[in-house]
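Notes follow once the structure below has been shown.
Should a chain be cited, it is by its letter among A, B, C, D and E, assigned in written order, with residues numbered from 1 in that chain.
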């Protein structure tokens, strides 16, 4: 085991050996294994956005097995998906690529100001399907976040007791925030802190903008001149907000966009001390060959093999 | 066991032998046994629409036993009904035709924009009554769908643990959708995906129209020219949306209409790769003799004996 | 045991011997024992309407023991009451007259469009108090009926597991219905169907009027010319709506009115194939002697000893 | 044990010996022990109204121990208080004066039309603290009374199973009632009936006025000329409404007022067959010496030693 | 053990030896050990206000370990923090400084009139992390306080059963109160009483102003001339409101302000008989050296070494 992985694991000394083992498994798997960096392939868009909108660009993606193979062949650290998808592929892939079962899900067939995902899988499901971890989405800023946090608390308790890693998608949303505020630097840093305080093993946030949403926070950022001008600075602040860099924070790519733009973001994440990326639509909404090439480039950047 | 049935069962390799056995029992039963196609007789209209409106056209239908006999004599793959009805006939019929216990129900004595069925039966009931499976209705698009999905999650967990097949009626409804949107192709495909992701063994949806309801989805359907002009094309897209054809999707007939229209829909379902139909009002709202003749025609189409 | 009682019990073959035994006990008790007809004395008006309004006409009724004695001496098949009343008399009467514990109750100190009774007793109470059955009121048409149906589902499961009969008071009410609609023939038939589907052993409804409340239902009643002009026809339709006469349906007398009117209703219930009556205010809001005489007349009609 | 106490206990023959023993303990304790009458000292005003407003008139009252001593020295039958207070004094006093633990509480820091107390102690607390009973407040007339009644049902079940007496404070309040209606004779009688039906061992109500709140009830009171002109008549009607006098009903004194007025009320309660009083503010909001003298006078009236 | 500590512990004689031992551990720890006074370092602002706003003034504070060390080196009686922070440092510090796990948390990403914290940690967490106690915030005055109080009741029960101290942050807030009312003397005294009645071992309130919020309370304060003009008088009244000084009440410092102002408040708390302070922002939002010096001054005042 590399020294960097040992260092990372040392931050989790309150966890039992089961959690440490699964976390090590993810950190040591694939192309970036041992570097302390990671790239995860998440495919929950079928539930979150609908199947046509998600998979029409590359119809191979309608088949859940396609994504397991892609994660495996690209050398991703893990593959994350909802229950039905994991059930399709777990028997073949659970021992070949670490799996993360998404435990809650949300659809867009009802448009609401304050969205709330539903619990759609359990810790028992993750265990019987051979997963290394379980994923859970919270929406800080949504009206009923209290129920959401309490569901997470239960999940964290149950999952860690049986040695599972808990990955929290901390996505600020809801009527408490402006649209721009959902990715504001103060809000994203806050979301990372909340996930860390609730016991997340790994935290997934969106790449933040330099916008400041909360006036009381803005005053502090300005007064103490917190650097937030560049992607790297903002990533650094978010990582700092998760126990001064002692929790794994990874960043999501958001909607498909130009490759150069994405790669430039990846460089920013690396420079700011981020731990990696979770890359969904930029992976599976292109052909398999293009996806493999693109992910290889991303991983080379994280591995420090490419500027 | 036919090769086609073996192929279908292979998609469910995460399930325990109990679930596989009951699924095989349904696939191998009746006139279409072994073809991989199925026709199911559902009779929940007494609860869903009221007894007079449902059974006045053919008063024999007031007696739950009538439907068990009809399903048996017509060679349907299974009979689905609520608790009280199943309790009337299970002792005589549970070993002669696979039974599916409807676990939730909804009435129309309170008119609401966002309907929510109530849990009206349990997995324990299905077991003591000798059922092969349990049915559950979700209304994607209804405001409180979160509670509904979470009830389904519990039911899926309990049912599969004891070897029961789970049939999900995935019927988009509620204030999140326009009336036309309830059967829009993007919405029905979405409903099939949600049911698949939640762990449904079999999925029942309404036959979709070519309407596109969600603007973000519509853009993708148009850009990538997803074919949705004919019934067969739409059925194919819905089936694709349930794990690229690796989950059983059957279609409901809707209100009684002209026989030729129904049979033409059946041909479209067959051509599009659908797995069969669930035919209620078109069966029991006519005389027994007419129903038997009509169901025989439907089954011959599915069996490929009739163009 | 009479052939008629055997026939009735044959409809309940999904029930365990405990339920069958208690049902037989009720059917075989009192003046109408063995006839397949029944008259039950319910006294829940102290809770439902208030003590003064209920018992001022005959102050003996303030004492719960009075009603046990009246039910016994009049030869009623059973006595139904809430927890406190049953606790007063169970030690003396539980072995002399079948008791039905009302498990939920509602008061009128808060006036609401969508009433909801509260659970006020449990299956464990019914057992320790020696009851033969448990009673539960549902209000189809009330906004939160989902919670109500789910409470009933639990109660049915628990009660039958320990051999108790479940009597469902199915009283359509709530903002989903007009005042007139609460006793409309289509609505009362629907209420009987819902109770039957939920597993009620016995169903209590109000005597319906010829009004049709639901337009979709009205069309079917008119098109298929369902006979609903007379009390007997309406009773026949309600009984038919409860599994084609294979569930026990009894009718409530409503507010005290002229004796001749009540007796004429009793004749209609008998003629229409109803199983009997539940007679509260017409029993205990007159003197004991008058009540005994009146109940004797009612029972003679049901027994076929009086035209 | 006096004949009167034996008679009272005979009304509770459905209860287990544990409940009977604790009820006997309360009936036989103190100055009025054995008379069948009782005076209880309740001190929950610190929670219900706030400490300053409750104890500023006599600052000794800030100390919970003061009230235990007062109840003991005055010869009260029991002392009732919330969890924290009982925890202060139970070790010293639980074996010297029967204690009643208030299981729910309400504060006035949020002003609402439909108040709901919170559960603030449990049956397990009452047992570990050596209490003879547990107290619970219901507000018939408040919108969410259903939840309140269901909490009470659970408490009654748990408490009686372990031999505790259940004292129900039945205080009509909430948007279902006018201010005057909260103490209307029909409403208070109704509140006593509800508590009795829910299984209360002892019932505490406010002394009613002659106002009639509910029009349907008013008609019956007028038609049957129920006597409600004097305090004694109204007390008699309330006692009658609790199972024709077969449940212990005691009356609360309300806010501190002139002694003569209070004593005249006490005489009315005695004359009407009431079982006693629960006297809080009129006890602890005056000096200890005055309180002892005042309570002695009250008890002499109840004992029949004073006109 | 000092006589003062023995005296304090004597007020808690209803508690089991486990609770007494942990309370003694806190009272006997650090610079003020044995004096009966205490200073606690709480750091929950990362969750409550956001990380940037809380830690930008002194970025060392992003690291949870920094606070454990500060609490230890300053000689605080205990350190309180949310789950994630405690998990970071418990293995190293749990045996060196008493830890208090905050069991519920609230963020400001959704602005609401009636705030409700979420449960974010459990008694089981506190035990596995070696904590001496558990902390819980209530907001008397918030609309749903009932749910909050009931969560606290459960927590108190569970925590004390395993020997944990329960510290209640009793912070009046919500639409029931004006902004000024949140720190009004009558309201803060009321908040202390509520926490005491619910079984808090230690109570934390804000330093009150002389404002009177509730009109019914104001009348009593004025009529009985309760002294509330000075800090010391108000502290004395709050302490009196927590069982006449027989519950530990400590005061929070509020936002960072001039040192002299804070120290003058500390003198007032001491003079009024308060048990100490909980000092967060005034500790960690300055450099470590300044914080150590400042806390030393505060402790010398409490120890009586400084006027």
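The rule is short, and it goes like this: contacts are C-beta pairs under 8 Å (C-beta built on N, C-alpha and C of every residue); 3 or more make two chains touch, one makes a residue touch a chain.
Everything quoted here is computed from the prediction, not taken from an experiment.
*Asks:* Could you run down the chains that neighbour chain B and chain D together?
*Replies:* Where chain B and chain D share a partner, that partner set is C.
*Asks:* Return the distance between the CA-based centres of chain A and chain B, expressed in whole Å.
*Replies:* Centre separation, chain A to chain B: 36 Å.
*Asks:* Can you check how far apart chain A and chain C are, centre to centre, with Cα atoms defining each centre and the answer in Å?
*Replies:* Each chain reduced to its C-alpha mean, chain A and chain C end up 58 Å apart.
*Asks:* Residues of chain C that touch two or more other chains: which are they?
*Replies:* none
*Asks:* For this assembly, give the contact graph shape among line, ring, star, complete and other.
*Replies:* The chain contacts form a single closed ring, each chain touching exactly two others.
*Asks:* Name the ring's chains in order, please, starting from chain C and stepping to chain D first.
*Replies:* Ring order, starting at chain C and heading to chain D first: C, D, E, A, B.
*Asks:* Okay, in this complex, where on chain B does chain A touch?
*Replies:* Residues of chain B touching chain A: 11, 13-15, 140-143, 145-147, 149-150, 153, 157, 172, 174-177, 186-187, 189-194, 196-200, 214, 216-217, 219-221, 223-224, 226, 237, 240-241, 243-244, 246-247.
*Asks:* Within the complex, which stretch of chain B touches chain C?
*Replies:* On the chain B side, the touching residues are 46-47, 49-53, 56-57, 59, 62-64, 82-85, 87-88, 90-91, 105, 107-112, 116-122, 124-125, 129.
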